[in-house]
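The following pair of complexes shares a single chain, chain A, combined with chain B in the former and chain C in the latter.
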Partner chain A sequence: MTKINKVMKATTQPAVRTAVEKLNPDTAKEPINVLIVGVGGQGVIMVSKVLAQICQNLGYQVKQSEVHGMAKRGGVVFSHVRFGQNVWSPTIPMGKADVLIALEWAEGLRWMNYLRPDTGIFIADTKRIVPPFACRSRILGADIGYSKNTPSDVREKVAEAFAIDATEMATKAGNERAANTLLLGALSTTLSFPDDEWKNVIGKMVPPKTIEVNLAVFDKGQVWINRSRKGEPVEGGAFVPLVQPEINSVRTELSITPEWCKGCDICVKMCPERCLVLNKDQVAELAEPEKCTGCHICEWLCPDFAISLKPIHQEAVA
Partner chain B sequence: MNEQATLKSKEDMTQDDIRNFEIRDYLRLDLFPHFMCPGCGHGIALRALLWAIHAQGIDKDKLAIVSGIGCSGRVGTYIDANTYHTTHGRPLAFATGLKMARPDLHVVVITGDGDCLAIGGNHLIHAARRNLDITCLMLNNEIYGMTGGQVSPTTPADRFTTTTPAGNMEPVFDACRLAEAAGAGYVGREVTIHLPRLRDIIAEGLAYKGFSFIEVMSDCTEVNGRKNDLGSSPEMVLGQTRAMRPSEYDNNVVDHPFRPNSMNTGVLVRSNRPEYGTSYRNMVDKVQALQQKGQK
Partner chain C sequence: MSLKAEQTSPAAIKTGVTHQMTGNEAIARGAWEAGVKVAAAYPGTPSTEIMENMGRYPVGDIKAQWSTNEKVALDVAIGGSFAGVRSMSMMKHVGLNVASDALMSQSYIGAHGGLVLIVCDDPGIHSSQNEQDTRIFGQFAQVPVLEPCDAQEALDFTKAAFDISERFDTPVIVRSTTRISHTRSPVMVNERIMPEDRGFNLDVTKNVMVPGHARARHPKVIERLERLAEELNSSDLNRLELGSSKIGIITASMSYVYVKENLPEISVLKLGTSFPLPKKLIQEFCAKHDRVIVVEELEPVIENTIKSWGLKVEGKEFFPRIGELSPEQVRISFEKAGVLKPEVTSYAPQFEPLIRPPVLCAGCPHAMSYTAIRSLDVRVAGDIGCYTLAVGDPLTAIDTTVAMGSSIANAVGMYLAGYAEKPIVATIGDSTFIHSGIPPLIDAVYNQANITVILLDNHITAMTGGQENPGTGKTLRGEQTHKVNFEEMIRACGVEWIERVDSYDAASMMQTMREAIAYRGVSVLIADRPCVLDPVKIKGPTMKVDQKDCNACQGCMNLGCPALLWSDEWYEGRHIVKIDPTACIGCSVCAQFCPTGAIQPSVSLDRKGEKAKVCGSKSVGEC
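Here is the complex of A and B:
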């Protein structure tokens, strides 16, 4: 995982929008919608709780609804926060979210259709948590099924987009887990609430030992957004698409010596990919060569030494 | 006479030692296909042995394979090394003489359950007692396969064989405990389905200075499997893990005379007893020194 994260070192600047109107629930006709998404264990609920608490302190009507029960650590977590003079429904309709805060890159992309197409603000951590099922292919060196979209792809689809390497910045500040507070800092630049109120609530919400770090990264988040809005160079920045990690990608070629095979059926039944069959002469045959991952199980368990797998180099394949 | 080169311990073996293994470099290809039945576990055991030899980087000219009689005895024939096909039950006795005369050779004994425990049981306990540097691979298929399926000392309870048409009623040997009690310095057991683990156990046994006894739980698909409805070859291979229940092993005391289908696998004994060849040569030096003293 660390190896993958190290790949993202590029200096693409986020979109520049100079005239910024902060979202103000006093003047807005409809409730303001903030959608916070991420992966279990990152602190999605904490971010939404802080926001909801501030709105409540300031006297607005707040409705927050979340899905987290099934998520455990590593599953999808999202939280809807709506606030304003009058809020009726607790969930945000599709295409009505004013701000989307994503604590994980692919989760941000997944929820992008909830943003207002004209004015929605997209703030995402470039942290990538690759789920196990994205690495489902057992072929050695196979591509990972994770989003390859870059921040520049996102910028074309939404009004304003920020891709912050929040986890890296929070780690530098002293605690990786404060990345969510950094995104709160980024969020605070889009809303009209006073800074003191934000810091006050954060100080009450986070564990006492981590207050200092959290307040420091909150400021970092604010500075990051403000600077990047002006087009000034910022820490971290965007990233290049996820490439498959550097491994010795080895493809193998399976060959069967039919004269040695006695048709004991072990290879056919033991193959995890079910790519071998017994033909009409009761001799093992590779029926689906493209499915073979080169796991060697058939070779190892063949009592007659009839199967052999040899590595072939990628150049030879192409 | 040169002492044999020290082999690698499990920690020293690198991935490169294990990879790049081409079994056909170690086989007498003109004898293939081999005579064993379809699905016989001995073929898998042979691969594990040859792979361990490859991983340890043993030169084929410095390798001596001694085998007895039976299906397991024939396994040695297919290895492209110095092989020695001996009389029934006596491979350990032949190997003892070979190792004493040529300590530079790596001596590996391939024997079966009947060969090692019944006909050659006496040789096993004495080889284990002396702790001479031999690696003994006992391929346990729980039956005399080659002679038509007679009951063997490791046939489990109630199994049908040609000599027990109503089911086996004899208690069985636990070969690993026998070897351990007789004094073997290194004792291990593994099933053939766990080939990499079996390879590591054999490789460690090859490197061990002393008598290393490795019991390989193999399948007799044609005789034992068919007579007892143990399923097809893949079902028997898959059933091996089910048959091994380490947790029940230690509770199995005197009141359970039959093999309860629960034996633990892995390296069971790794002791530090003196090796017989070394002690013997020390004794020779001592006697020669005494003789020279007497001549003066």
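Here is the complex of A and C:
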């Protein structure tokens, strides 16, 4: 078994701009647009609710748009928050988001085309939520169907990109679910709102027992961005690449001795790939050999030892 | 960070100031302010939260309830209207199809107490089976359709709808869309003002639609619409914003804000109604502009009406008839129309997007049910609910899905067609069964079909976020009530073969399902397990995969459970499986499928009442 453990340093963020101007709805000509994305159950809506509440407290017009429905079922969740003196559309036009907050890595990549190409700020948790769909391929040595892009790929495309190990940091601080608050802390460094206002609203919106940890991780998020901008070392792990494709695959050949098979159907029913059938003589047959992955289940379960699998070669499988 | 549970009644919030509200919250508030007394609905995205909100207003103010389906809900509201109080019914666009029988007659009857239907369309099909345009239903039923563009208008128009309903003696539709219903924007709220009690309407020539009465009512329907159209010419439901006389835009609903986003200075006539239309106002607007473009989502409802008057307007040659509009789509269409100069911005994705379709939850009992169904190699008529997701890889266990309650009768039709290649199975959820699955079950028994019905009873209306239904024994407000006994009900329909099986018991499920299919006639198998999310989020001791024992056969992966993932380890070129402990709820179904016994509980099962011990990498037996 091969496990390539090449680790890339993602946290040594090059200082793109030393004095970054904060987004200020009083001076901005257009509404300020913050897009918050993630996967169902991560707390995307909560982040946008806090931001919208602050905007409302400070007297700005704010619109917040999200789509529910399938979101609960592990689907994509996004929330558009637009605020300023006057806001028309509740959704952010593509290419006009000032800040993109992603609670999940691949979701951040999905919405990149919403960011302003010249000034957009990308802030993402490096956490991966791998969908079942990514683990579907049955080809020997198949790649996981998850995005391969790394923080350096993102950095080439936007003004500023921050890949924070927020979930890990929040877990260390005592509550994994506070990762979204950590990203709120990161977001707060891009906007002109006073710190007290952020903490006040967070304190009011979270369950009383969790106020302390939420405020603590909020600070961590702020510190992370500020230090990162100055090129100072920051907390959190490195961006771990995905498992590499396997090169030592074993290809097998399945053979059935028809005289020994009594047609009990066990192999047909238990085959994970459903590539066996009972033929017209009630004898097991490999109907779709290309689907067989060589897992040996049929061989082990056959009460009559009628099935055998043999490796055909040990070479690399492309 | 998770959200603190909201305690305060929405009736108690400060009036005369603005609050951030979704369109759905604003509609509920508007109805409450208008003095609505009876409200009934069946849940359906994106309308569900309206009733959930109504249920938070004081019980003395509003009698609010989940009904068994949309037609029942509308009939309940109609009853309230007969009795002289303001009444309302809410539904999603396809819900109006179910309720339409009552609506078509009620249009002739009119409204005694104000009668309002809130219908939420789903352009873009975020969570529906089609994107039909309710405005056409308004035309068909000759019922006015009001179209708000944000939460403030959602509140205002709901109130206006009750006023129009009573003054013009008509039911009124307020049409929202997913985007309006689920967008939060500032809303000014006011006090509740109760209208005068009108008492029961005793006029049978108006209340009883026999042919003689109906013939007399039809002219009144036409006449009231003409009067309303005339009044709308000067109504403040419309908004006229005049700019340059070169181009004028006629629009309504959410399309208006997309127009303003792209062209804040352009001449706009924003209509408050899409049916009937204020003819004189539109004629004057067209006369003032060299070129008039109609911007509307979905069907060319406004455009075609204006064209039928002989006026020259443009619209659908630039704007799509399909899907949801967006600021960038409206921009592209204005570019096509030559109104805006082409922008250089590319909207193409920068990275290949990850495929992340919605899936059944970790531990979802439906996953096991459909795994069993799939193993039996049958034809499956599906229905509407979370379980429709079983159509996708890896379960791939549904052949057809039409509309709420269609499965059983679809299966009957397949049987009548003489389809004999595979046994015929209908699958339907508990709430959908109560919604519209009972008449087709009676039909199946009555006509002696040979089908198997699998009732997926997860004790809740899950797809829309966990609403109570008659099968849960609780009301909208969480009070105890009569609980439907499915076995008794099904037996009363004439079904003789009924079994209830635990959905998590793989062997029993497969064996009992085989018996059900072997039975000649209508057999009903109740697959019984509560939803893992609602009403209680279930989280038991999780399962784990012993990496040494897993031979990576991928058998468990055929469940499509989101807690089952590939680990970093390989076995003969196949991925060894791991379990995400944050997602796993410990249902143990995957362990029942594991041929090597590699999947085991991560904690020892404690017999002496001591605290369960968490195992390390050692197997359970060593704990």
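As a convention for this text, the second predicted complex is superposed on the first by the 228 of 318 C-alpha atoms of A that agree within 3 Å, B and C clash if a C-alpha of one lies under 4 Å from a C-alpha of the other, contacts with A are read in each partner's own complex, and residues count from 1 in each chain.
Operating definition for what follows: contacts are C-beta pairs under 8 Å (C-beta built on N, C-alpha and C of every residue); 3 or more make two chains touch, one makes a residue touch a chain.
Since this is a predicted model, take the numbers as computed values, not measurements.
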First, second, both or neither for A:Gly75, with chain B first and chain C second: second
Touched partner set for A:Glu259, first chain B, second chain C, both or neither: first
Partner chain in contact with A:Pro303 - chain B first, chain C second, else both or neither: first
First (chain B), second (chain C), both or neither touched by A:Lys269: both
First (chain B), second (chain C), both or neither touched by A:Thr27: neither
Touched chain A residues, chain B compared with chain C: C
Overlap of chain C and chain B interfaces on chain A (superposed complexes): 269-270, 300-301
Partner chain B, residues of chain A touching it in the complex: 259-260, 262-266, 268-270, 300-306, 308
Chain C residues touching chain A - in the complex, by the definition given at the top: 1-5, 18, 20, 45-46, 126-127, 150, 178-179, 182-186, 257-258, 260-261, 264, 326-328, 331, 345-361, 375, 386, 389, 393-394, 465, 533, 551-555, 557-558, 560-562, 564-566, 568-575, 582, 595
Complex interface listing, chain B residues touching chain A: 22-24, 27, 32-34, 36-44, 47, 192-193, 195-196, 221, 232-235, 237-238
Chain A to chain C touching residues, read off their complex: 1-3, 39, 43, 45-47, 49-50, 52-53, 56, 61-76, 87-95, 106-107, 109-110, 112-113, 117, 130-136, 138, 140-142, 144-147, 149, 153, 157, 176-178, 180-181, 184, 202, 204-208, 210, 214, 243, 246, 248-252, 269-270, 272-273, 293-297, 300-301, 317
